[in-house]
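Heads up, the next two complexes both have subunit A, just with different partners, subunit B and then subunit C.
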Partner chain A sequence: MYKYVIKRILLLIPVLLGVVFIVFFIMNLTPGDPGRLILGESAKQEDVDRLNDRLGFNKPYFVRFFNYIKDIVTKFDFGLSYATQKPVVDQILIKFPYTLKMAIASVFLSTIFGVTLGVTAAVKQYTAIDSSITVLAMVFTVMPAYWTGMLMILLFSIKLGWLPASGASSLKHYILPVLTIAITAMGSMMRLTRSVMLEAIRQDYVRTARAKGAPERRVVYGHALKNALLPLITSVGSMFGGMMGGAVLSETVFNIPGIGSYIVSSIRSKDIPAVMTCTLFFATLFSLIMLCVDLLYAFVDPRIKAKYVNS
Partner chain B sequence: MSEKLLEVKNLEVIYKTDLETVRAVNNISFSLEKSQTLGLVGETGAGKTTTALALLRLLPDRTARVLQGEIVFNGKNIMELEEKEMRDIRGEKISMIFQDPMTALNPVMTVGAQIAEALELHNDANRGKEAVEKRVNEVLEMVGIPAMRKNDSPHQFSGGMKQRVVIAMALACEPELLIADEPTTALDVTIQAQVLAMMNELRDRLQTAMIMITHDLGIIAETCDNVAIMYAGEIIEYGTAEDIFEGEQHHPYTVGLFGSIPNLEVEARRLSPIDGLMPDPTNLPEGCKFSPRCPHCTDKCRREQPAYYETGTHRILCHLYSKEESL
Partner chain C sequence: MNEKKKTSVPAKGKKQNKAKEIWRRFKKNKTAVAGLIVVIFFILVAVFAELIVPYEVALKQTKALREPPSSAHWFGTDRLGRDVFARIVHGTKVSLLIGLIGTAISTVIGLIIGAISGYYGGRLDEIIMRLMDMIMSIPSMLLSLAVVAALGANMQNLLIALVVGQIPHTARANRALVMSVSGQEFVKAAKSYGAGDARIIFKYLVPNVIGPIIVQASMQISSTILSAAALSFLGMGIQPPQPEWGYMLSEAREFMRTSPYLIMFPGVTILLLSLAFNLAGDGLQDAFNPQLKD
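Let's turn to the complex of A and B:
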């Protein structure tokens, strides 16, 4: 089993290299040079040139790419932010907790509600309950997060004045942004759960469980849902990854100083090291989450575990 | 005569959807005594499995309707029981073995856990964890599986072994009635005999009554005291194994089933095909339901539903014999 894990972790290296390469390339295409960006519009051209030279900006693309990778591998150095002249990694470490907290809270929320409602809909297929849940799921899925966010601000902050609309200084501040992200994810979770459960409750082993005298709750949650878990875990995993990306929207709308808003402001100011590092950070995180998902599979399904052990 | 364990009276089940009504079981009656075995024979779609599921009240509740009938088990009409009381019967008093062992076990639970679940659900004796585990080992050994394999998952077992696990699970609580729905059909021929022999041995040892659902006359000849032959949701012939295998008179469908009627000594054959198809259960013919395929069919058969012709323990649902009487 651990062999499999090591193999998977080693496989991450080429993936991440590819990501760096692509982002580096795209950034390379954008106009402007770091010297000018750091020193500002009014700086003298020779100062700018000197700085560019020192930063290695005038070297060929591949040499720069190689140096970038080398700095990361040998010194864990991701470069200094153009805007602040401080290491980007420090910035990310300050901002990441905000994003992570929001993502965890919304994954938790949308999974709990999405799965329970989805299961209920499947068990009560063709009833009014099922239809209401399905419609609700559809509405949730099609509402774009920035729009939901705006509506919630209008209702809860401006009209009712219950909750703050921006910032992250207290727990209360998180409620609206978390809800905003969770609602969209909840919609798709409900629909997925419903469809995998519909399939699961028709299986023979579910009938076996009933024939054993197991109460309906146990049949549904203990037997059927356990088998439906695989697709659900995958979806929760990618939802978690997606929420990091979704943070870009909600953090901007709700003005939360997380990585999402950091990436947006870095792009605006063409702070290339910051953008690069954030992207790399997200890519690594996402790959690790998906690795966890695959390992969780083995816990849930002995057939997959057997495959991992044998491979 | 020993005590009646199960008595089914005038059971009628339909499956109703928006589009059509399937008349799956039409007014059947039979009874079963303690530690006896009844064979339910018939083609696919004759209503055998529906009957079995009705006994456990496990019919799909969205489509299936029990229009009438009583199922008296141990003196109680189980049609009137609360769901809670019914759950106490399922798995403890009446167990069922399903046709396909490949899908009957939960793939993500160890076989030991699945057997233990049955025991824990019906834990009247208040067994502790250890006692349950001990019993799990016991029943596994009983069906010929080493107890140390209880922590394996279903995918690590072959088809025959899986069916053994299913049987172990069904017998774990020592039920009074075991319903076996084509328990060997999905298995290899060589394994079939083994599993069947084991089931018979266990039934005799545990004194369990059994309903054996099959389309294999060989199995019936080997295992059953009584036989009910089903066609289009009706029991068209009912009697002791002797009545069926050695009797003089038979329903034309039974005759067709046997091809020529073998006796118990000669090895019984498999079903030989009969001309024509089973009638469409959404649109059953009037009169005798076998009439479109029957070689002895008369006008009366097409018009009138036949009544049972009874001689001793033997019942035949056919005009052929009652006509003779009236002549």
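Let's turn to the complex of A and C:
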């Protein structure tokens, strides 16, 4: 098992190198040069040239790519932000807690409500409850997150005055943004839970559990849901990825100083090191989460564990 | 009609029957039909946009700033005094075009990559799939943002950004589909009489998986529309003054307190269109695979 975990972690390295290469390639398409972007329009051309030279911008593409990787690996140096001339990593460490708190809270919320509603719909298939949950799930999936956020501000901040509409200075400030992300993620969770549960409740072991007189709650949650968990775990994992995208929108709507709004402002000001590092950061995080999901399988499903141990 | 049927080649007749069968099953699904009707309605709005309300009205700035809905301006006016109804009507064209073209391009490219990967297998498959894994580990919203940031914000680059974000997903799904049929007898038969690889892929494999691919594509349209609107909302998509729903919402943000209707109309329109595409796509999927339907 440990061998497998180590192997998987080592396999992450080429994937992340590939991600760096892709992002580096895309960012390289940006017109303009760092010297001009840092010093501004009014700077003298010779100053710009000198700065470009110092930053190694005039070297060939692969040399720059290699140096970029070298700085990351040897010095954990992801470059200086064009805008602030401070290390980008420091900025990310300041901003990440906001995004992380929101992501965890909304994954938690959307999983609990998504699974419960999905299970209810499956158990009550073909009833009015089932169809209303299905329609609700569909609406949640297609509601644009930023619009949901604005509607909530309209209702809870402007009309009712219960909750603040922007900022992140207290716990209260997080309620609306977290709800916004959770609602967007909940729809697909509801639909997936419903479809896997529909299959699970028709299995023989569920009939057996009913036959031996187990209470309905236990049959549904203990026997059926437990066996339908595997696809749900994957979906929670990939939900994190979607949430990073959702964070960009939600943080913009609610003016939360997290990584999402940092990316948007960096893109606007063409702060390339910041955009690159944030993207890499999210990609690494997402890969690690998906790795955890794979490993979690082993704990949920003994058959998969047996496969890992043998390989 | 009957005569035509008789004269057509047997294989073609079979296909027509299958299409009829699918349509028959689709028709029974009321929500799916409702979705399709709404989609057709939006397509008609896009096609006849100029007749409904001229494009100039959508751009014309008047002195009537942020006026609530009235008989003169059905959906009110925005911060520059432009008619919101006209902007929504002309925004339909943009959203539909991006949704349909973006999905079509990513489906075709994804199909080619997936088919090559699934058919050849082995090392090539391994390399292509690892590359797709790399792209997929960047959240697609961020990838699209990065592409637009690098290339600049306009409609063409927005399409490129959306397609780049979607290709890994379509390639992966199509590879699985191609693999599921590539071991079958008719492929072996084609190989045995010496058909070339390209011929096998495009003549035998692709036509046999085209059904599920269309279903997938129909489900993808709404997410393409939503992503495009989201990027425009962030100012990374369609650029003003061209009317676009997502951007209209971002303009309306400042005036939520005084003019809430400004966020209602574009929002409801995005919701309706993507919901309709989703319902129709779901119905199509059920009609294609009746056995999957619970």
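FYI, the second predicted complex is superposed on the first by the 311 of 311 C-alpha atoms of A that agree within 3 Å, B and C clash if a C-alpha of one lies under 4 Å from a C-alpha of the other, contacts with A are read in each partner's own complex, and residues count from 1 in each chain.
By our rule, contacts are C-beta pairs under 8 Å (C-beta built on N, C-alpha and C of every residue); 3 or more make two chains touch, one makes a residue touch a chain.
Bear in mind that the values here come from a model prediction, so they are computed numbers and not experimental data.
With the two structures aligned on subunit A, subunit B fits next to subunit C without clashing.
Of the two partner chains, subunit B is the only one that A:215 touches; subunit C does not reach it. Judged by the touch definition given at the top, the superposed model places A:79 against neither subunit B nor subunit C.
After overlaying the two complexes on the shared chain, residue contacts for A:223 are found with subunit B alone; subunit C is out of touch.
An angle of 80 degrees, to the nearest 10, separates subunit B from subunit C at the C-alpha centre of subunit A in the overlay. In the superposition on chain A, A:283 makes contact with subunit C only, while subunit B stays out of contact range. With both complexes placed on chain A, subunit A has more residues touched by C than by the other of subunit B and subunit C.
In the superposition on chain A, A:187 makes contact with neither subunit B nor subunit C. Of the two partner chains, neither subunit B nor subunit C is touched by A:118.
The gap separating subunit B from subunit C at its narrowest, counted between C-alpha atoms of the superposed chains, is 14 angstrom.
Residues 125 of subunit A lie in contact with subunit B in one complex and with subunit C in the other.
Taken in their complex, subunit A has these residues touching subunit C: 14-16, 18-19, 22-23, 26-31, 125, 138-139, 141-147, 150-151, 153-154, 158, 195, 198, 241-242, 244-246, 248-249, 252-253, 263-264, 267-268, 270, 275, 278-279, 282-283, 286-287, 290. Residue ranges on subunit A touching subunit B, taken from their complex, read 125-126, 203-205, 207-215, 223, 226-227, 229, 300-303, 306. Interface residues of subunit C, counted against subunit A in their complex, comprise 130-131, 133-135, 137-143, 145-152, 222, 226, 229-230, 233-236, 246, 249-250, 252-253, 256-257, 260, 263, 267, 270-271, 274-275, 278-279, 294. Residues 56, 58, 62, 87-92, 95-96, 98, 100, 103-110, 117-118, 121-122, 153, 155-156, 166, 169 of subunit B are the ones touching subunit A in the complex.
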